[in-house]
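Common to both upcoming complexes is subunit A, partnered first by subunit B, then by subunit C.
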Partner chain A sequence: MGNMIRRYGTSLTLLICLLTAFWLVMLVIVPNITLLESSFRPYLPVTEIGGPKDVYTAANYMKVFNGAIEISPFGFSFQIPVHVLTFSLTIFYSVIVTLICFALAYPLAYFMAKILHPRSLPTMFLLLFVPLWVSEVLRAFAWWIILALKGPLSWILMQLHLIDHEVRWIVGYNGVMIGLVYTYVLFMIFPVFNAISSLDSNQIEAAEDLGAPWWRIHWRIVLPHAKPGIASGAVMVFMLSAGSLLVPSILGSTTSQWFTQTVQQWMLDALDWNTAAAYAFILLLMCTLFVSLVMRVFRVKLSDIAN
Partner chain B sequence: MHAIRQTLARVYAGAFIFYMLIPLVIMSAAAFNDNKTPSIVPWKGFTWKWFSALWADDRMWHAFQNTIFVAIAVSLISVIIGTAAAILINSVSGNLRAVLYSTMISTILIPGAVIGISTMIMWTKMGNALDTEFILFKPGLHLSVLGQVSYIASIVMLLVLARLQSFDQGLEEAALDLGATHAQVMKRILLPHLYPAIGAGAAVAFFQSIENFNVTQFTRGGADTLTVYVFSKVRSGITPTINALALLLIGVTLLLAVLYEIKRRRSANIEAAREAEARRAAALEEAII
Partner chain C sequence: MSAGIDLQNVSCDFGNFRAVDNATVAIKPGEFFSFLGPSGCGKTTILRMISGFIEPTAGTIKIGDKDMKGQRPNQRPTALIFQNLALFPLMSIWENISFGLEVRGVDKATRRAKAQALLEMVDLPGAADKMVSQLSGGQKQRVAIARALAVEPAVMLLDEPLSALDLKLRQHMRAELRAIQKRTGVTFIYITHDQGEALAMSDRVGVMSQGRIQQVANPRDIYNNPVNGFVASFVGENNIFTGTVTNPAGGMAGFDTAFGMFRARLGEQAKSGNIKLYVRPEHTILSETAAAENAVPVTVSEVSFEGAFIAVHGKTASGQTIVAEVRNDGSATVPEIGAARFAHFNAAHASILPDTTAVA
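Coming up: the complex of A and B.
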């Protein structure tokens, strides 16, 4: 800090500190504390705010357990509160989306890092960057067109005589998963690519010379080396999927509900901001837990993930 | 065996690019289909009418204007805050640095919905507490700007911090020894070194802001941005005007991407030419000696 004052003088240093403080305090820390504080307050008419009924309560969090519905996965049927179900399904499908993204991205990242001629790499990046720069809402909309009942996908499969009548593709969570994978797979490719490119190709050749089969080379050499990249990609894809509101709203079916949609209903439809705050906090908590879990499993630091 | 796997990898890469681009092609092509619902099948003939319908759509123009204003504000504020934060991080060390750094980058990982709701609640509560009707404390796009800045500043910070690693602090010392003022050191030495990163940060911030939906949706009050407009159109009966809009946006994106690539190739060529010249000069020198 003394170093900084010597270089830039007191006033500039003060300005730099104030700007950073404004960001971290006013835009990050205080809003989140307010969120937590509001989440423990009851939803009251304006006249009663600050009155005797305005006391801290965990009632907003308890609303998660309201309204049980019956589900029967794998033949077992049991009762589960509807929001708990939404929450669990959001996590479950986000994990599936993350796994699919990894499965799609890994071969491509390896191809780009080790097989493709470095001279063609910029062109490849350009081709991949174009969909990344097209906004998320349009990418979801593009799939909405493709998956429509009388849309291009049904049409082409009928032309090929693979199906004999139009298929409803957006059923359950199908549409949401297709949309999420398409939208976020690029966030898996770039970190995994970066990690694999830093691997010395000689290691792969040495393993080949020693007679290792290709799958073992990947399992023992490339994958362990790419671990930080995979962790980074997995965190990004999971967070973006679980936090996505656009894709589930556009590509969701009547039977799919995403946790962010529930939060939105509390906030914008029910206008119960305090319950919305409680639900948002649950979402935040879940994301924090997931990141810590990934960091522990892959033994990476937060700074590795953000890169 | 090796060759087969390489060919397979190439085919896969081709298929992947196809998978990435075909939805955009279909969406764009539907803009020219003379059919009330946006699709390419059945094809009912070529038309420009969705473009003129888009041109006549006042709500779209309004949303477009808002988007540009928000994006400019976000990239301006994010660049200022992000650069300041990067300089600060670069000058502190130890625990303070670790805490500051993790707080900053954790903002990238907070879901947009949470940022939106927390920003909205905090500013309106503050307005109630101060008992003021001042516009800052009401829902609206200015809150969207603040919410978006809270995580976009972090992206700018990372870009500028990376650039700072290649900065030689000796230059600042030299300038100070030669009698430069603190402001001059900042303006003439540090900032010029950071300009490429600041420029990239501004561009990324601008695009991130245009794309943003989650934060905006919870803070916007009644105002529209382009993303919100498209979203509400997709949900409530849609005509191919949105496809026309999509085609225009993709066109702009492509244009920018190609321009960027041309610029990159040109500077790479200049770099290569300089290196070749240096090699020739070295060879000449050696020959003379």
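Coming up: the complex of A and C.
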């Protein structure tokens, strides 16, 4: 702080601190606290707000357990509340998206960090970033067109005689997963690239010199070194996927439902902001718990990710 | 099991730059062989070609009579010790040492026992479960040696492994490396730019400059009978005189210089080009009266005390500095600055050699 005052002067330092404080308090903390507070209050007509019925209750949170439906995956039939099912599927498919992102990002990141000539790196970065210049909505729509029944993908595969009739690609969660992988794969590539870049190439050569085949070099040397980068990429891709609303809305099929869409329906269709807030906090809390659990399992510390 | 290495007309180009130029050398099984040269002379490239990380542009490399062409580093019977050691920081010491065995599918108990045995050999018995970051520089050095020895290589390749250590430790590790080499009988190929290290440790030394092997000989011959000016200058100090060869006969020749006619041994390569006379400071003697031959009158200009010896600098009338080293054993008197002396040397100690240092 003393350093900052010396460098920027008292008034500028004060301004910077006040702006930061405003952003943090007014735009992050207060809205969240308001949301949290309202999530514990019932949805009431305006006249009854503040009246005897307006008491703190966890009823909004308990609504996820309403409305059981019967599902039978792999021949096992059981009852499950519909919103719990939506939530579970959201987590499940977000995990799949994270795994696909890792499978795509790791070879590319390794190639960029250790094989590609450093002179070509800026070109590579540019190629990776170009899609980001288009807005997320347009990108999702582009995929919606590509994957359409009579869209370009079906047409090309037909021309190549790989398929003999047009395929409906956006079925179940396919479209959502393709869209999410495409949107968030960069959040995996860059942390993993950074982590692998910091690995001394001599270690790879030393392992090879000691007789290790390529897969063992990756398993014992590169992957353990890149673990913090992989963890930070995985956390980002998972959280962004589970919290994404746009991609599931545009690329979803009739049989896909994302938990964020449920939150949106409570808020905009049912106009019940209190329950919507409760659902939003359930998503936040459960995702945080899930991530902490996975990090514990893979022995990654939060400080590793921050590095 | 150690193996010899045969380099036959090996060259290596990086684009237009020729890093190694037509290198031919036969290294015997069980030999301690050093490549000595300044940085950029191609010695590391030779090492990387032997270990398989670089393919030679031309020529063949044989390890134990087997052509290594197309063999990846993980298929060659070599073990490389990197300049920065490249220990695996996320593995414990014993896992580091037994990594090569793990790769070969050896079971854990055997690996652990082997690692323990190697740790005892390199004098680090208690370090098995420590992490790399807990060890000092010299200890890491030993772990790197143990890790390379664990795979029982036929050839050990060492890329300036002592350069990061301080002087005392370096001297200690020199002796240790030499002892380990003798005990295991493995062929050692050692890369260094430190002539003291190369001369003290090696059975034979290959001196390199600008991609070419200049001379291959035992340390004594490298120092006493260098083939050219580069080798003479790289392995030690010299007083150098310019002149022309006259009356060569029986390995000796006259050498006509600005200070008169000298006599010295005639080097085999001193045929043409820039020929000079080289004599080492410890073979240069200062006396009050002129000797029968090879004497130059000088005025003492500087006396520097180096510990084991005293370097007396004399200036000739033409301004050339001639250095004579006097052993600090009390036998010789050190002249005062300004005193007039004669610098002279025995013809058997001086060599007439081509000066290759300036040739591109």
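The definition used in the following text is that the second predicted complex is superposed on the first by the 273 of 307 C-alpha atoms of A that agree within 3 Å, B and C clash if a C-alpha of one lies under 4 Å from a C-alpha of the other, contacts with A are read in each partner's own complex, and residues count from 1 in each chain.
Rule of thumb we're sticking to: contacts are C-beta pairs under 8 Å (C-beta built on N, C-alpha and C of every residue); 3 or more make two chains touch, one makes a residue touch a chain.
Because the structure is predicted, anything quoted here is derived from the model rather than measured.
Once the two complexes are overlaid on the shared chain, A:Glu136 sits against subunit B while remaining clear of subunit C.
Applying the stated contact rule after C-alpha superposition, one finds that A:Phe298 touches neither subunit B nor subunit C.
Put simply, more of the residues of subunit A are touched by B, taking subunit B and subunit C as the two choices.
In the superposition on chain A, A:Ile221 makes contact with subunit C only, while subunit B stays out of contact range.
In the superposition on chain A, A:Phe40 makes contact with neither subunit B nor subunit C. Of the two partner chains placed by the overlay, neither subunit B nor subunit C lies in contact with A:Tyr61. Of all residues in subunit A, only 200, 202-203, 205-213, 216, 220-221, 224-225 touch subunit C in the complex they form. The residues of subunit C lying in touch with subunit A in their complex are 51-53, 72-74, 78-80, 82, 84, 86-88, 90-91, 99-100, 102-104, 147-148, 151.
Residue ranges of subunit B in contact with subunit A, taken from their complex: 5-6, 9-10, 12-13, 16-17, 19-21, 23-24, 26-27, 30, 37-41, 80-81, 84-85, 87-88, 91-92, 100-115, 117-122, 125, 146-147, 149-150, 153, 158, 169, 172, 176, 181-183, 185-186, 207, 210-211, 213-214, 217-218, 226-227, 230-231, 234-235, 242, 246, 249-250, 253-254, 256-258, 261, 264-265. Subunit A meets subunit B in the complex at residues 1, 3-4, 6-9, 11-12, 15-17, 19-20, 22-24, 27-32, 34-35, 38, 104, 107-108, 110-112, 115-116, 122, 124, 126-131, 133-146, 148, 150-152, 155, 182, 186, 214, 235, 239, 242-246, 249-250, 260, 263-264, 267-268, 273, 276-277, 280-281, 283-284, 287, 291, 302-303, 305-307.
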